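You will see chain A twice below: alongside chain B first, and alongside chain C after that.
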Partner chain A sequence: MREETVKADNHYFRPFTPFNIVAGIIVVIGLLLTVLRFTRGLASVTNLSDYTPWGIWIGFDLLVGVALAAGGFVTSAAVYIFGLKKYHSAVRPAILTGFLGYALVVLALHYDVGRPWRLPYPFFVQQGTTSLLFEVGACVALYLTVLFIEFSPAAMEWLGLKRARNLVVRLTLLLTIFGVVLSTLHQSSLGALFLIAPSKVHPLWYSAYLPVYFFVSSIIAGLSMVIFESSLSHRYFKDKMDPEHLADKDNVALGFGKAAALTLAGYFTIKVIGIAADNNWHYLATGYGAWYLVELLGFVALPCFLYAVGVRDKNLTLIKWTAVLTIVGIIINRFNVSMIAFNYHLPAGERYFPSWMEIGISIFIVTIGLLVFRFIVTRMPIFCAHPEYKNTH
Partner chain B sequence: MSISRRKFLGWLGTAGLSVTLGRSAHSATNKHFSGYPDSNGVLFDGTHCIGCRKCEASCNKVNELPAPDRPFDDLAVLEKNRRTHSGTFTVVNRYAVASAPGKPLYRKIQCNHCLEPACASACFVRAFVKTETGAVTYDESVCVGCRYCMIACPFEIPTYEYGEALTPRIRKCTLCHPRIEKGLLPGCVEACPTEALVYGKRDDLIRLARQRIFRFPDRYVDHIYGEHEMGGTSWLYLSGVPFRDLAMREDLGNLPAPSLTKGALSGVAIVAGMWPVLLTGVYAISKRKDKIAETEKSEAVAAAREHADAETKAAVEKALAQAKKEKAKEIELLVKKALEEAAAAQKEAAAKSETEEDA
Partner chain C sequence: MDATIYTLQDYMLRTESIIYILIVATLIGLTGFWLFLSGRDED
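Now for the complex of A and B:
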């Protein structure tokens, strides 16, 4: 009887929750597809072609994944560099989300590239420094390391490694600055990847400002992900949170919502400037133009307005849903640049649409992320300060 | 964007890159690379091509490529437009052109061997090299299989072995580099029965093409495709109809691929150099603001305390004085009372003794 009560309290002893069942099925399918990918090649699982070498494993797993993992650098910069200490409780969850996001990006790349064990080649064998992809690779590799170190104090508090933990905490400012530099570089470089193909990306999305667009929109993605992740966490992990975290929740949503509204306004402005700079106005009257306007008005201007209203009225529900709208907008933007507006010149028969197996692998990787996130936040001091280290950071 | 700003960024970028990498990024200067001197190329003359597919067959043979589904002498495959793929380095397509009805026109597709190749610029392991002989070669021993070269190539040439699970390669025409080193002609050129393909020094080929245009102005469009497209290519094309009718893109521009990314690349050094300064500055400002706020706070607290102290002191003193005053008054009163009592007692005693004496 007593044992049963313990089991009921701790949901890890209940393996058959709906979430676990669905996650389990996804993981099993994912593993089967993994076997297929590494025995039969990309042809057996993807719809990639010689015209379209990059599909959703790049468009979603890499481009969207990296953008949505920007919460780590945005939050740590706000707290440790800009001195907005009232958002301190948001740092650890954001760093964790960022770290997992980047780790999953690297995992996803192992599926996409032909010979994944050669991924270190660009650094150790032959350096193609004229490639934007070299920059992306170098910065992502370095930033993943930085995020790991930034995250490590939580793990070391859990494991009781006091001296190592204190040493790392002393490096916080240095790591934060390094993280912002690396993030600026690779977030923008992901956009710059497409600069080399002006003949393949529709002129409405191709711009010399692509790197700037990707960087600015990654800040928006990071801010929105912190709001979104925090509202989900408060729903499912409330019992893991200490009073400071619970008290700061609304503050974080209001502050980050305000920042997102301002950044979206700036982003909208530079997008319009881009159209004007290349004199692309006439394309707005085409089919692609209509889709461009959906993105610009529905997923940039609208969330900008809604965030502003939400912050003015202190309407947390509105802010939460605006965060979702903004994240959808970022996904649409990355899909547009990498897939929808890419190869716009080809006849419909040659265009790309992902196979269910490609989508399956992407869902599999997101699911792994959720499972690892749950494993960590239920064990390590992420939503709370460790009792031994209260008021030390 | 004005030239001078771009140049300025370019200089800074070059300085940064060459300091860190020890190699010059000449894309960031105003130097123009017009190909290695005496490098070779091929001139394709569309007015000579008869669509016999002999070049395809020869290419297949010399490169030891897998046998095709349908034999090379089966011209029915021309019904459909094809592209290169991992087992085919070159294809010839037939195009029905409105301006020349009833007269089919052909165009051969293969790697154009750009003077400044997009694939080589995009490759993060330098698997592609523009050799001085003109060929753009590929080294599979370093290739990771990221397929960025395929994204970058404006001619959609590199193909990939999607069916290979663990050892996929990029496949494309090599301009028969191994054969050229042995002093042989490229397979396709050697097989061409109509001299639609001419191999030679690129500069000579341009002269030859100009000569043909000059001598037969009615036969040719006055343009050598590949002389300037994407900064110039080692393959050059002559045609009797506009090149767009042969499905060749006329909107690629004349900028070589590396110039498209030089701005973004030069930005790297600037961000890496200046962001730490900027961010440390922001940190210092926020820290200083905190410090000032802290000092002001403690000063205000101290002042308030002092003020409070003085007030208390005054109040205590006042209370003390009051108490003293009251005490004095009380004493005075008591003394007065005692004196009065004493006087009364004295009076009484005197009266008593008088009565006793009387008695």
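Now for the complex of A and C:
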């Protein structure tokens, strides 16, 4: 294994591939922007204002990041709680994606909050236990820890820490239950954060059901992200996969596609019921209503139908592209709630649009995630069982 | 749907009535969707 790993390292150490060059440029620019952000403050790199204190770093890096990282708890719950062992090969990649997703959320948060060194204050100095934000912070911190422990057996197998690895593997079910509980809490609480702003969020997006919408859509995001990540990994890291992973590829896409189709159908239903509950039908005839219908029909109903057709016809290409469409839909939804439909009544001149430097930092953080993901999967047993631990999962 | 609503009673009656109709439609729709989704399952 060690020899194989070294060979793998050498194989990937080609510094001037197109990906490396683009990633290198992004990292250099990102580091420069980071220096600017932490030496000259938020105002020097962002378009944030008193009207819009939460911009793209919250809308994309945090809300989208947390939703797309839901694949970890969705997959581990399916395998370890619901006993769907046929998806076992998807667990480690999903846990890794989730772990990196949450780690990058926390990294992005350091850029967004004014005084990041005070992030531990809610835990150690002043507990705002009645605050939703405290609950989100506590759950994210705990779940990041859980994901780290869930991911650690792969790193321990790589490092040869057999006893520690066996100890952690025994905790799998407990960690999975923790993960599901913590995810349910904070995925919904992220939506609940916007309940405080009924006059700022457009009525079509504001609903008492926002926590439910965020939670259900996070399951959809998690399922779609596993399909998307799996299809990319099979394309770029095929040589790292053992026969089990290669054989399970279609199973995972079909099973997760079916689950996503059903969850999307349920999500569509509760969104329509939400419109009925608030008697918001008349808003559908406005400009914002048209945009809402684009989101609801184009990025919820359409992927629901396409997933169903893909699963029925066993059309894996269609399922993969539908996963992309669904992920775009989740991004649009989080952007709508946190930015586009937020402060909708403000005149155009006062509305928020991110500066290129905010977008640059977001791209930088995603790139860091891709680089770390590649570093880990080319070294640790993520897409294959370690020879010493075969059949022990 | 644009008719003026004067009381909470009117509002609840209107919205809840629509929701009940939607729920019945959903139950029928989801059953059909499930049959469509798993219509070609081998097992």
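One rule holds for everything that comes next: the second predicted complex is superposed on the first by the 382 of 393 C-alpha atoms of A that agree within 3 Å, B and C clash if a C-alpha of one lies under 4 Å from a C-alpha of the other, contacts with A are read in each partner's own complex, and residues count from 1 in each chain.
Simple rule for what comes next: a residue touches a chain if its C-beta (ideal position, glycine included) is under 8 Å from a C-beta of that chain, and two chains touch if they have at least 3 such contacts.
Because the structure is predicted, anything quoted here is derived from the model rather than measured.
Once the two complexes are laid over each other on the shared chain, residue contacts for A:311 go to chain C alone; chain B is not touched. In the superposition on chain A, A:177 contacts chain B only, with no contact to chain C. Of the two partner chains placed around the shared chain by superposition, chain B is the only one that A:46 touches, whereas chain C remains out of contact. Of the two partner chains placed around the shared chain by superposition, neither chain B nor chain C is touched by A:142. Ranking chain B and chain C by residues of chain A touched puts B first. Looking at the shared chain after the overlay, A:246 reaches neither chain B nor chain C. Contacts of A:261 after superposition on the shared chain: chain C is touched, whereas chain B is not.
Of the two partner chains placed by superposition, only chain C is touched by A:279; chain B is not.
In the superposition on chain A, A:371 contacts neither chain B nor chain C.
Shared contact residues on chain A (touching chain B in one structure, chain C in the other): none found. Residues 37-44, 46, 48-51, 53-54, 77, 80-83, 112-116, 118-119, 121-122, 125-135, 137, 173, 177, 180-181, 184-185, 188-189, 192-200, 208, 211, 345 of chain A are the ones that touch chain B when the two sit in their complex. For chain A in complex with chain C, the touching residues are 258, 261-262, 265-266, 269, 272-273, 276-279, 281-282, 308, 311-314. Within the complex, the chain C residues that touch chain A are 1-2, 5, 11, 14-15, 18-19, 22-23, 26, 29-30, 33-34, 36-40.
Per the touch definition, chain B reaches chain A in the complex via residues 1, 17, 21, 23, 25, 27, 83-86, 118, 120-127, 142-148, 150-152, 154, 156, 158-169, 249, 251-253, 257-258, 260-261, 263-265, 267-268, 271-272, 275-276, 279-280, 282-283, 286-287, 289-290.
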